[in-house]
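Two complexes follow with chain A in common, the first pairing it with chain B and the second with chain C.
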Partner chain A sequence: MEELANLFHGFAVALQPFNIMVMLLGIVLGVIIGVLPGLGGANGVAILLPLTFSMSPTSAIIMLSCIYWGALFGGAITSILFNIPGEPWSVATTFDGYPMAQQGKAGEALTAAFTSSFVGALFAVVMITLVAPLVASFALQFGPAEKFAVYFLAFCSFVGLSKEPPFKTVAAMMIGFALAAVGLDSITGQLRLTFGITELLNGFDFLIAVIGLFGIGEILLTMEEGLAFRGGNAKINLRVVIQTWKELPTYWMTSLRSCLIGCWMGITPAGATPASFMSYGIAKRVAKRGNNFGKGEIEGVVAPETAAHAAGTAALLPMLSLGVPGSPTAAVLLGGLLIWGLQPGPMLFVEQKEFVWGLIASMYLGNLVGLIVVLTCVPVFAAILRVPFSIIAPLILVLCAIGAYSVHSSTFDVVMMLVFGVLGYLLKKCNYPLAPLVLAIVLGDKAEEAFRQSLLGSQGSLGVFFSNALVSTIMVLGLIALFWSAIQEGYSRLRAAAA
Partner chain B sequence: MTTNSPGAGPMHKTVEAGVTIAIALFGVIVIIGSVKAGINWGAEGPRAGFFPFYIGMAIVVSSAINLWNGLREDNDSLFAEWGQLRQVLSVVVPTAIYVGVMPFTGLYLASMVFIAWFMRWLGKYNWLTVAAVSIGMPVITYLIFERWFLVPLPKGPVEEWLGL
Partner chain C sequence: MFRSAYRSALITAFTAAAALGTSTIAASAAWEPVRPVEFIVPAGTGGGADQMARTIQGIVTKHNLMKQPLVVINKSGGAGGEGFLDVKASQNNPHKIIITLSNLFTTPLATGIPFNWKDLTPVAMLALDEFVLWVNAEKPYNNAKDFMDALKAASPGSIKMGGTGSKQEDQIITVALEKAAGAKFTYIPYKGGGEVAVQLVGNHVDSTVNNPIEAVAQWRGGKLKPLCVFDSKPMPYDEPIADGKAWKDIPTCKSQGLDIEYLMLRGIFMSPKATKDQVAYYVDLFNKVRATPDWQEFMKSGAFNTTFMTGDEYAKWVGDEEKRHQDLMKEAGFLAPSN
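Here is the complex of A and B:
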């Protein structure tokens, strides 16, 4: 049980006073980010990333991952109290959470949401603890062809699983790859796609893209809708919490199912948002009181929240063990690793034991701390939402500008942030998904490198991607994922024809 | 979602076609840049433009399909009402000015003016509240970023004069 010893060592690291302080700070900042419109997990972490430049990598990742947990918790508060999902993955929580709040059961709904989030996250962390080291040691044998196949699988799953039209997903993804290619070519050392513009020598930084696309773009969308907050009061007392906790175990089946859905959707880069919808949809069909879903059923809060948190947490598994992030926020965390001088991927488990296990231990602790913080401080966080948007908006815009500037101390990046912001607004309005775009910017260089190295080894023959059982399996899985919607459609047509 | 509202505005279809064409043009630029960098095999294997060339092709092809699908679609909803677009521009234009003057004025002064403008014109707050927030936020930013976390932010003549 070497892993267990490592995990205990990790707990020792995570329990250092400074790291506990950083954890608390991260959770509180994260909940605020989750509550505020326009600031989400991905761009919130991106804006605050520069704050960690002077920390040790372990403390830095603890703070950033705790911001992420906090944002996951925070999304539920606004959904239930104000019917405004602070995050896309908490949209499904509004369906039953807000009706519950209107019936005066806000306390129960919030307790159920937070507890389910905690359960989902815990399930996913246990899975990461058990599975990640295995996957990493397996992945250590990967050559460039296998590496490319994993990237291929990740991007194909996006096309097959996302709810946007597949060719829009492809277009968005390819824009990301193209932006990643700008600047110095890492293999030949040659400049490309810069068209003589010196600012483009270093290419596009995905952190700037994240802040612009998700942060500024979201503010513009909110401005268009002319948002006004109307919401119920948040009161949670111990009696309500304990009463709800007594009721929750009766939904263990829903919880378990949602955990599994969440973990699956988190590892494949579908992410927390589809996981929450899928889990809600299945619970509605299966549950005894399924007909009451949408009218304030507590099970309708449990299902999406558990799945969203399980997915959000499970998204870190491929990031840690393979270097392939399962969500935009995981991608930002991966970018952090690079900035702190760590090489993401399976070697982390060999070379950076303290970092990896410190992070995994902090996932256990961070979610526990998060649960306590949100249960005790809901009224404070809800009060933030009552600050009018015309004060919040300029402050968020200034924060985005600060975040974008401090990545490379460059004012050109701030201009790019605004460009990405307008782009994000237009793309989102036209139904293009933004997550694959961001992931392609992050992974573009690595995917290209693996692709070209494989081709070098095979003298340009694409056969290298089907040269052994392992790489062929991953590639075939990728192709299935790519054509998944077409396969589904064909299957249902066949069935219709047979019937 | 704007179908049942009375306001006028650009058609969703038109805007989407414009965005799709712009994406296709971006793909063409990528192809041109890749060809310049060399898309064939050199002495050390595939040259710099090899990979982006196919990316550019994929952008153009998928945009063509998106354009075709978008125009075929029976969708007569509005992209947004003019009033809503004016709201969006009332954020974009000041932010553009804010971003544009930052290299000259530094971040702090620009942020103060920006926050004050936003609160006064869009929020109609009294000057006291405006002053409190617009001065308070940069001061807190200074303390958190530069003092505690040692992250330098752009400064202009005013900060120099204050000796910060």
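Here is the complex of A and C:
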């Protein structure tokens, strides 16, 4: 009950006119940041951080977290319209969102994405409100072995649940792992595969790869197919929103599952990207119309968006209560907390009640404001598709180039983006799936790091991955996911034999 | 409410002082930035160097200390090598400064990238970061001696030390501890200091040498306890943090029989071949930053050692420190084959 009283006090803080203004401003800035590929929530928040130093800490965190919500919403827009994920966690949204847009259903896809984002965030905030202290201690149980197990599960659920030929999936994933290995080896502190080229010190950034593989690759394909930009017949009025809303409740099961996956991944803290992939992978296998996934199925938009937003929101919990950021953006917010003179950690909830509950209240309000802002803009976004391809394609190219440049302020990255574009085009022509490659670039080095940290700790024994109930459960789930097809086949053969 | 009123009063008082100060300095300053200044951070967002750079950026903006904007850019690739090489390549561009940590020495030594701090122009030492030996509060060790005895008694490698990065400051201290005890740790590198502190709270490692700012929250929460500080004298901050203990109450490691001192440079360098006037401009700027109450608050929150140096004194200090790192890393076998 005390929590509820605190929460209402928090609403009073968040509803001050100045804070509402800050909230709106943050959402709009965030959406813009999310739309620009490459800029990213973390960079956006970092750039805008100094703006907030003259505000009170509560207003400042409300503004920055609203930028974060805005970026989470905005990431979906370019994924659906142009197949260019503005943020890592919206990669999975492109799988079904983009085909929907091509079929003239951009409005439906956007509405589904935004609404699911809101549902995911709301679920996570309610969880934070009710069980914050309990959940925080769960995160402490995650050492390197547990973290590796989570990444393992993400990879396995993707390979095992994919409908592509497994060898092509694994081959694409291996290319991703190889690319992820370039740069500094964080365990030995030595450079790997850089061949003395200083530009490669940083390795291949995920965002550059994604902008190239998806964005540029898609433009190349469209050019080959004759400069037609499909999806021009998208309905552009607000009725689309209402119609889509009528359809969405049928997917309550997918939503609930994605919320749970998202919260779990956000807290552990693995982050929004693996959450969105895992949620998509599982939905694809479990859903009734799973066979249609990848061809423009609305459920394929609901699953990753719900999970990504739930994870993005839940990621703030370990940051506040433990001082460990669950995402890069949360890491920058954490730096902000310290600059405002607040110390994240176990004592924050006790000593800074106004701040913490003001922030939690602003999560409710910020997401609601965000949903209203982006939904009213759905027709505008969908109308972009009516612009002729010959005009929009150069614009997209410029946008991609700016995005690639802004990741590390390096022109070398723009060249790399074009190279990845050609690679993406070739892989698509040969029917290799791009998603496993991307997944491996994003999570490859993290998984490697966790794996080697575990083995250092266990002095080389693989038993560490089965050393306690938590880690064993996750590993076994991963193995089941990996061999799901084989298990299913074996089961049906057994039944056939019995019959 | 009281706190913010007090703060704004301080700020008003300070801006008045700053306005007086700038009017006299403006007459003597021969060089000033004519376009935005890039402030390179050779580490990722959210880490110690990044926090300090962004605090400085915030102070500069809030108190209007520069006519041109100061833009923080993270170039963390190759353990910061990316940032150092970027500044090295910006000869005759006085609109670029860089904040350093120990990777100024350790990165070129461990990776063999073509860089030495002498390629850059030293500006000023802002502060030194302390290192503290931490253990989980549930463990029975009450002082550094207890812990070192346990290390000696345990089988080699069974006690785990968590730290930030590989072949960098945390691991250098670990090797020094091993040498002092004649025993072995298993060193496990993580990406950031905050993560290291939480791994210690979760008992996934047995000890850490976190900077104060990285572990203070967990200390206040009663999850960690500090054993000793790797400095020649105890830290000066006497505000109680946990259990009535303040930073001042942490004994030096030397007093505990561990003769190890290690402080990390938080200093500023600028692009090669900068003129005297250009260096003077930045030294003056950082003097103004240091005079703000915000900076002092930041120093206190991270229990920093506030030694400030410029000019030849600073260059000499960096030179000595480089020599020391070379010796320490050579001894530990951390040097890249080409060095």
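Keep this in mind: the second predicted complex is superposed on the first by the 273 of 499 C-alpha atoms of A that agree within 3 Å, B and C clash if a C-alpha of one lies under 4 Å from a C-alpha of the other, contacts with A are read in each partner's own complex, and residues count from 1 in each chain.
We adopt the following convention: a contact is a pair of C-beta atoms (placed from the backbone, for glycine too) under 8 Å apart; a residue touches a chain by one contact, two chains touch by 3 or more.
Worth saying up front: this structure is predicted, and the values here are computed from it rather than measured.
**Q** Could you look at A:I282 and tell me whether it touches chain B, chain C, both or neither (first, second, both, neither)?
**A** In the superposition, A:I282 contacts neither chain B nor chain C.
**Q** Just chain B (first), just chain C (second), both, or neither: which does A:R192 touch?
**A** So A:R192 only meets chain B here.
**Q** After the superposition on A, what does A:I175 contact: first (chain B), second (chain C), both or neither?
**A** First partner only, chain B.
**Q** Determine, under the contact definition given at the top, whether A:G226 touches first (chain B), second (chain C), both, or neither.
**A** In the superposed model, A:G226 contacts chain B only, not chain C.
**Q** Which of the two partners, first being chain B and second being chain C, lies in contact with A:L15: first, second, both, or neither?
**A** In the superposed model, A:L15 contacts neither chain B nor chain C.
**Q** For A:C430, select first, second, both or neither according to whether it touches chain B, chain C, the two together, or no partner.
**A** First partner only, chain B.
**Q** Is A:M347 touching the first partner chain B, the second partner chain C, both, or neither of them?
**A** The answer is second: A:M347 touches chain C but not chain B.
**Q** Look at A:I384 in the shared chain and tell me whether it touches chain B only, chain C only, both, or neither; answer first, second, both or neither.
**A** neither
**Q** First (chain B), second (chain C), both or neither: which does A:L140 touch?
**A** So A:L140 only meets chain C here.
**Q** Check chain A for residues that touch chain B in one structure and chain C in the other, and list them.
**A** 50-51, 53-54, 185, 187-188, 190-191, 194, 409, 456
**Q** So in the complex, the part of chain A that touches chain C is made up of which residues?
**A** On the chain A side, the touching residues are 42, 46, 49-51, 53-54, 56, 140-144, 183-191, 194, 198, 201-203, 322-325, 328, 331-332, 334-336, 338-339, 341, 343-348, 408-409, 449, 453, 456-457, 459.
**Q** Under the stated contact criterion, what part of chain C meets chain A in this complex?
**A** 4, 44-46, 50-51, 54-55, 57-59, 61-62, 72-79, 81-82, 85, 110-113, 157, 160, 165-168, 186-192, 194-195, 197-199, 201-202, 204-205, 213, 216-218, 220-223, 297-298, 301, 334, 336
**Q** Contact residues on chain A for chain B in the complex?
**A** Residues in contact with chain B: 50-51, 53-54, 165, 167-168, 170-171, 174-175, 177-178, 181, 185, 187-188, 190-195, 216, 219-220, 223-226, 388, 390-391, 393-395, 397-398, 401-402, 405-406, 409, 411, 414-415, 417-418, 421-422, 425-427, 429-430, 448, 451-452, 455-456, 460.
**Q** Would you pull the chain B residues touching chain A in the complex into a rising list?
**A** 15-16, 19-20, 23, 26-27, 29-30, 33-34, 36-38, 41-42, 44-52, 55-56, 58-59, 62-63, 65-66, 69, 79-80, 84-85, 87-88, 90-92, 95-96, 98-100, 102-103, 107, 111, 114-115, 117-119, 122-123, 125, 133, 137-138, 141, 144-145, 149-154
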